[in-house]
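Chain naming follows the written order as A, B and C, and within any one chain the residues start at number 1.
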Amino acid sequence: MSFIELKLDEKIATITLNRPKVNALNDQLIDELKAAFQGVQAEGNINAVILRGQGSFFSFGFDVPGFMAYQKDEFQNYVEKYSDLIKEIFMFPKPVIAALNGHTVAGGCVLALACDYRIMISGKAKIALNEMTFGSSLFSCVTEPLKYAVESKKAEQIIYSGKMYSAQEAFNLNLVDRIASEDEFDAVVLESAQDFAGKDIHAFASIKKMLKKEILNTIESYEMETISEFVDIWYSRSTRANLSKIEIRG
Amino acid sequence: MSFIELKLDEKIATITLNRPKVNALNDQLIDELKAAFQGVQAEGNINAVILRGQGSFFSFGFDVPGFMAYQKDEFQNYVEKYSDLIKEIFMFPKPVIAALNGHTVAGGCVLALACDYRIMISGKAKIALNEMTFGSSLFSCVTEPLKYAVESKKAEQIIYSGKMYSAQEAFNLNLVDRIASEDEFDAVVLESAQDFAGKDIHAFASIKKMLKKEILNTIESYEMETISEFVDIWYSRSTRANLSKIEIRG
Amino acid sequence: MSFIELKLDEKIATITLNRPKVNALNDQLIDELKAAFQGVQAEGNINAVILRGQGSFFSFGFDVPGFMAYQKDEFQNYVEKYSDLIKEIFMFPKPVIAALNGHTVAGGCVLALACDYRIMISGKAKIALNEMTFGSSLFSCVTEPLKYAVESKKAEQIIYSGKMYSAQEAFNLNLVDRIASEDEFDAVVLESAQDFAGKDIHAFASIKKMLKKEILNTIESYEMETISEFVDIWYSRSTRANLSKIEIRG
């Protein structure tokens, strides 16, 4: 059983999250995603990556019901692994296009923020970092990529409000780079991926590192401290009570 | 005699600067403000703070005429104490709403920038960092919270021009987060404070620290150096001549 | 023979790049520009600097055809010297106004970004960091001043696209601070320079250092590493093939 689909075309790899119905993130999915990116990195003739979800979700975030059975240290291990993956995608030497084919929430939004370019489908889909609405904290690989995308004060606004944004609102906030209607979505994603795949791969890798290396240093400067605090709050009585009410609907 | 009023309501503390007519900042006011924030921090059932001024001013900034009698080292001590207060408010673990009920200038604007959310009354009130217009420099707890709010290039523009901005202009610059007419002002401030007070206090404190801790580190990396330079320029012949012309009007 | 003209007026120095037709940057021009700025710094009665180009170009950037004859280590020396000049202008204690009288491309755009205020002539002139379109990388004194001007995500967009922007587009991106038509251009530049020259020079120098010193530290933290990588990619087979096709047209 696999929660990831990998397709290699002319210069472009497509990685699809395939864990119906909401592509909830768990240990196995993160392991497979990591392996998929490592495989794509080794492919000499692949110059760009598309990351997308199946169905009507990009990803609804962590598999909260699944994690309710985890011991605290198991969950801490999972969060550390997830944080590593986010850093790897954020610094991935090839361009990564997030094709936000549907709802993109919490940990799913963080996954999108790690990518280089976000294209969001217009219509019903929403994007949010809604952790604060259920009393959850965050950690450094959420805040820093967000501040890279939208500047400090808007980052604060997105996090403090926990609001579910439409594609248009997200575009106005710089949270996504482009919007496309359902009809045009696949074509727009492909066109963007081809555009990125046409760039000189060495110049791209060098410049991306230059633009993002300082952010990685900042992420790592408070990563472990904030992951521990995130896990402590997650296991606090009041937040746990909120989490236990979350059902992941299909 | 006290220059601060403190009121504790259901979950919300209101701190009012009360030094007519312009709520000019001096040693005593800063001491009392510090004590008020420490008191509020200790109150377990207070989840948000409103900081506002009495009359038609939030604060016109430092009590310049009062400081003309200070020796240089006394003034340096005052500035260090003020800088400490700004840092404490900037990192205060509970949300702080600045209710800008009137003119918000220089040191008064810095006080507002240390808060989490700025609501400005529309109409005649102006907001400015006008130090450069009288030949004064600044120090790190001015520049860094400003850059956190408005990004580098707009921060530069606000400082270099020293311009007095209307509420609408300030909103367009992200210098304030919300505008309200005189009629609606108190209700809008209360509504915002209640909104913040409704958030999980542990998640808020953790995330606020995450968003701002790096800024605090940067402030402290050049705080003493820039305070010394600020004081030197303040006591230079040309700037002192400008300062001696400042009258604080009611 | 000189590639720089220097004119000293009442409080204002004008430095003109004078290497027809495109004011291409080479070793001699950089040496002369450095000497001109050092001379202006020593002039006690000069309070502002205008940097502009002759003809219909501000500068088209590096003299690529001229550099094709350079050995790799000679080119590395040139890039290090250029990077030093950019840092000196970025931190220059007096205000520097870039008068973008025409096309402002690649290394010419970087020169403009090192200045405090950019005024661009409207009409046909274009501004771009187009290095990626011919497979060239960049180095830290390109990326950091750009991020200071336009925030991270727009910086990425400008660099990844390599697009030639009109004055209006550049203004919308914050890449330039003001636009003026050909008729008004000289008057607008002079007015801005006079405005800056009227500020207290000590307060300006102190505040500019405060706003930019952290950026300088960041530039220097990865300057040599990125210059080496830039030079390596410049001398790679594929990029060299692209460079050899560049003609500088008048």
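A few notes on this one:
Just so it is clear, a contact is a pair of C-beta atoms (placed from the backbone, for glycine too) under 8 Å apart; a residue touches a chain by one contact, two chains touch by 3 or more.
Just so we're clear, the structure is a prediction, and the values are computed from it rather than from any experiment.
With contact taken as defined at the outset, chain A and chain C are each touched by B.
For the self-contact between chain B and chain C, the two sides draw on mostly distinct residue numbers; the shared fraction is below half. Separation between the centroids of chain B and chain C, computed from CA atoms only, is 36 Å.
Chain A has residues 151 in contact with two or more other chains. Interface residues of chain B facing chain A in the complex, by the touch rule stated above, are 116, 148-151, 174, 177, 196, 199-200, 202-204, 206-207, 210-211, 213-214. Taken together, the chain C residues at the contact with chain A in this complex read 131-132, 135-140, 143, 147, 151-153, 155-157, 159-160, 218, 221-222, 226, 229-230, 233, 236, 238-239.
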